[in-house]
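Listed next: structures, encoded as structure tokens.
Shared between the two complexes below is subunit A, which pairs with subunit B and subunit C, respectively.
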Partner chain A sequence: MPLRDFRLPEFDAPEVILPPGELEHETTIVNMGPQHPSTHGVLRLVLKLDGETVLRLVPVIGYLHRGKEKLAEQRTYTMIIPYTDRLDYLASMYMNLGYVRAVEQLLGIETPERGKYLRTAVAELQRLASHLLWLGSFALDLGATTVFLYTFREREIVVDLFEKLCGARLTYNYMRFGGVAADCPPGWVDEVRDYLDLQQARLAEYEAILTDNPVFRVRTEGIGIISAQEALNYGLSGPTLRGSGVAFDVRKADPYDAYGELDFNVITAQEGDCFARYRVRMDEMRESLNIVRQCLPRLQVPGEVSAKLPRVIKPPAGEAYARVEAPRGDFGVFVVSDGSASPVRLRFRSPSFANLSALDHMCRGMKLADVVAILGSIDIVLGEVDR
Partner chain B sequence: MDRLMQYIELGWNFIAAHEVLRSLFAAVCVLVFMLGVVLVVIWMERKVSADIQSRIGPIRTGGPLGFVLQSLADALKLLLKEDLKPRGADCWPFYVAPYLVFLPAFMAYLILPFSATWIPQDIKVGILYYSAVSSVPVLGLAMAGWASNNKWSLLGGLRSAAQLVSYEIPLALAMLAAVILHGTLQTGAIVANQWQHWWLIIFTLPSLAIFLTAGMAEVSRTPFDLPEAESELVAGFNTEYSGMRFATFFLSEFSASFFISALAVTLFLGGWSLWGIDLWFAQHVLGWNTTAWDLANPATIPLLMKVFWFGVFVVKSFIVLWVLMWVKWTMPRLRIDQVLNFGWKVLLPIALLNLLFVSLVGLYVKRTNVEPIRLSLQQVAPVVVMQEAQRE
Partner chain C sequence: MTVEQLRTQYAALLKHADERDGLWTVDVEAAHLRALLTALAAHFDYPEDLTCVDEGDALRVLYRLYATASGQVLHVNVRVPRDDAQLPTVSDLWRGYEWHEREVFDLFGVVFTEHPDLRRILTWEGFQGHPLRKDFQPDADDADWRIPEQTDQDIMDLLQRDA
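Presenting the complex of A and B:
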């Protein structure tokens, strides 16, 4: 739709009332994306600007819609796993995991001990990879190009580890009903341990270049504030919610896999601004390192990684909902089965979509440059928003 | 061979004898120098950024000559690109804008003292000339932003107008500090003064910091690269430009970066001189009679020394530019209102305080009858007033 035909009730709402004595400004409507360099994929934002101040903002989504949920109704349960890879393509493991856990509930099967720990370790490594990519692109949005290269260097190691695990570097297709597709190759655990030590040191490096950088601080502190109550009202989750001081984490609230047996903290920050979200993610990465470290001794113990299942899976009729704490928040999968080989209905609850809905609220009254910073701090993936 | 030398000398004398020809010759030399330097600067920017970001940078083109050929290849590629003009663009300003940015960038080079007596145009009001010339690119950037018929370009153009105008003042105040201390607006004389009184550098260091900060904003380098902030404004004022017109913007930006470093070296870091070490070396090691040298009379100084000084000047400028590159590749970008606030509320008061400090130093130096003050402060004051008046 061309910009001149763009009419939304939000834009016809009364203007921000200017204090008396101020000059009346003319407003402009600007189109940001879907080919804009910092809308993280194919997000389109239509902005109503007064100079560089944002009055209204409307996200236009759907450019990456592939009809995953409808497609799933035509496929068998196993065939759907690779489709979930393409939701949040920066955290495919979690997308696999969420779906697989929902079907496991339908089937009523348990994952073997080793499978559980492998899943947990892989999931936390995925969180690290995802947060690293977020950190790089967030810094890039703020104009700090160097951090991007640093974080990609470390993310590469995680991707290599995953490649050794399942052969793929982005769309892993690794989780299976009742376990994982393959056991880790020999020596993998030691490589993970080396990586953890390296990452611990490198995290301090990122902090040195960003956390105390005055320019970084003025660009993030007090920008895009959302209070705890508002965050809950918008249905935010993940670091975006915890940055507003709500200590909600699916791993604690509804423990799955090995999380119940592990010792870790839920990271929160009180301010609710971009810097708080940044701090939450930075500390979460440290926490992830801890969790993986705790999993490693258990991975030395040999055992089965997957439950035995028939080739064609026909879960009993019924419905199930499973949720996992993905890097971007609470990822939920709802499956309805009628006893046949493919689901009647599959529905994804994507955290990015809910988080994106709060963007307008966070951006009002901010400057144009802040929109980029706020969008970066929310950390959306369009594959998951549009599905 | 002798015959050839004779002809060269004859030609040289002919050029030197005619003011117009001499200026033209100097201008051509400066243009060649500037283009050559830009090629190296672009390559250096890529290499330094690669170094900081643990990459390798460009290695394929040109082999050992890559530092020139890489950028040359890039420029050639841009030359062959189609010169697009968006529908609805304001034709005339759109085509003129790049050259309006490029021309002042080139004109500024004319006052640089490249070596003792190697000054393309040794104008008596060199610094004043620079501050006049440096305000012209704003027009070009605003024109480019306006004429592109693109809202992002317009935002970029307006941003650059606001930013460049704001930072000209601290920049001028920092330059003024050097002017007051050395008692002249002539760039050549400022360097000669620093050559003789190397210790004055201690008092110019704060001015140097202010000058470089404001200078980074003047040439729009991170953290002040707002006009073309690619993560916000796509590419700012040059979004719609392609081919050689884009290359012209690019060229002016990099030549301006080098110029800012070169001017910083000229005003605060002793220009082409090595603060007297060069003199000591020439006297004691080479056994030259340096006391007979007279800057007013070029024939008294050996050519070798002048070439050496030229090298010193270029190396110093590159070192300053290198430092600017560190800043560029480690800092995030400020927001436009923060940039303006910083300029007016932080940098300007600091620059004024610094000016006061330098004036007191200048007064003291004059009281104790140390040589450096050539013009008395009373003579400088009207110039200050003039400059301020011109600004308003």
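Presenting the complex of A and C:
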């Protein structure tokens, strides 16, 4: 039977006869979170329901607000790098990268060739690690436990690779102004190559479990639709925007590091539902493998990985805005300097914050159980939403 | 559109417009902000960012807009006095700015008039002051950081309103 013809079996529900006019307008208010396994952190949702149908949803955020932008005003530029690790803690490399690129713009410095390629390879490995974690937890939200175990097995390899680079497994503090903290150890490039081959095969394994799985399809197809125009108007970005058919990717629109010299595609899907966002991320992982593969020959060439900079960094007065395509979307960093050793203002534009603001729109008219699927499909990290 | 066209077309609204490294920056008076952004909304379809900088004598609110068709980025600066920080909302032009305006209200105390739901977003209801202002005193002796018991009255009102 072709999949599109699959329907959940009909069942004969006993007919409930209600007195006319009653129960029609009865609504229920349900609180979900902040401690709830499917809200992926400390997110609280207040839902107004008509039976099982969502009429309105109000996200309540701020439970993880640590005032990073305020803290940064009293730290030197270098001291801020580890703080950025704790924004999107599932893609710390990318948070580092966005921040150092903004300061590099202020300083007007260039990264050496090898540093650029190392940064790009690491960034795409980070995207893989982040999407793998997303895939596992998204499948788990929908009740598919196996995929979670598979993806964590492979993510572990990436985390090990990062540990060899910088000693840390989650908060890497690896990027520096004008390069990276340390060159990769001997043999690292070969290990990455082995991983890429393994991951390529394993992606097909995950898809065999999910893509044609009727239950997975019914839970994701046509669920949480947002049109291209609405997605743009809400300022969505990353796979959540590209799943609605908008080919906006900072790596192409505003190339940084080595992306301008690499050959890759921007993945889009047209439907704008949970399944489209799933497909975009799956194909993006293949593109990431492809990008890392293109970087590897350049990492065989020895060279400097970081520009020479004074110990205390005092950028000239002015302001800079840098953006990078983090796994969750367009991560922007705005920094204002007055010439001193600390920024006057540091602002993080977090993709999850904008993506989460459209949740109410996506969930209206859907069933309560779909809220979990939709929230999983937009892939938020609360560390970055709340900052 | 070029920055010259922008300058001539909206000459009455703009205080200043320039281009540096492909980034267009315009300065506008608060009174003309709404008119300018309404005119630009058709071209700049993506609300990339909205933030604020405390410049001492004034608060500078920065709208960062992106045009997906041309790839052009535009920064719109508007300065408001810190003791009477008020701006018209543009969250009806770009829904994405609804939360960003709430954040600037919460952290800087800029009031966006006509905003559909102007509540604090990162700090809690009942929080005193606006933390990202330079004169905010987190270690004042009389500061009381206990979080008041949540009544959720604001959320319930919101849910009742569009019943």
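Miscellaneous remarks
One rule holds for everything that comes next: the second predicted complex is superposed on the first by the 363 of 387 C-alpha atoms of A that agree within 3 Å, B and C clash if a C-alpha of one lies under 4 Å from a C-alpha of the other, contacts with A are read in each partner's own complex, and residues count from 1 in each chain.
Note that in this section a contact is a pair of C-beta atoms (placed from the backbone, for glycine too) under 8 Å apart; a residue touches a chain by one contact, two chains touch by 3 or more.
All figures in this text were calculated on a predicted structure; none of them were measured in a lab.
In the superposed model, A:287 makes contact with neither subunit B nor subunit C. When the shared chain is aligned, subunit C comes close enough to touch A:62, but subunit B does not.
When both complexes are overlaid on chain A, the residue A:253 reaches subunit C alone and has no touch with subunit B. Looking at the shared chain after the overlay, A:143 reaches subunit B, while subunit C stays out of its contact range. Considering which of subunit B and subunit C touches more of subunit A, the answer is C. Within the complex, the subunit A residues that touch subunit B are 28, 30, 36-38, 52, 139-146, 149-150, 153, 209-210, 213, 215-216, 218-219, 367-372. For subunit B in complex with subunit A, the touching residues are 49, 52-55, 151-152, 155, 222-223, 225, 229-232, 234, 329-338.
Residues of subunit C that touch subunit A in their complex: 23, 45-49, 51, 53-54, 62, 64, 68, 71, 75, 94-100, 103, 107, 120-124, 131-132, 136, 138, 152, 155-156, 158-159, 162-163.
Taken together, the subunit A residues at the contact with subunit C in this complex read 27, 29, 46, 48, 56, 58, 60-62, 65, 67, 69-70, 230, 232-236, 246, 248, 253-254, 321, 323, 330, 332, 334, 336, 344-345, 347, 349, 353-354, 357-358, 361, 386-387.
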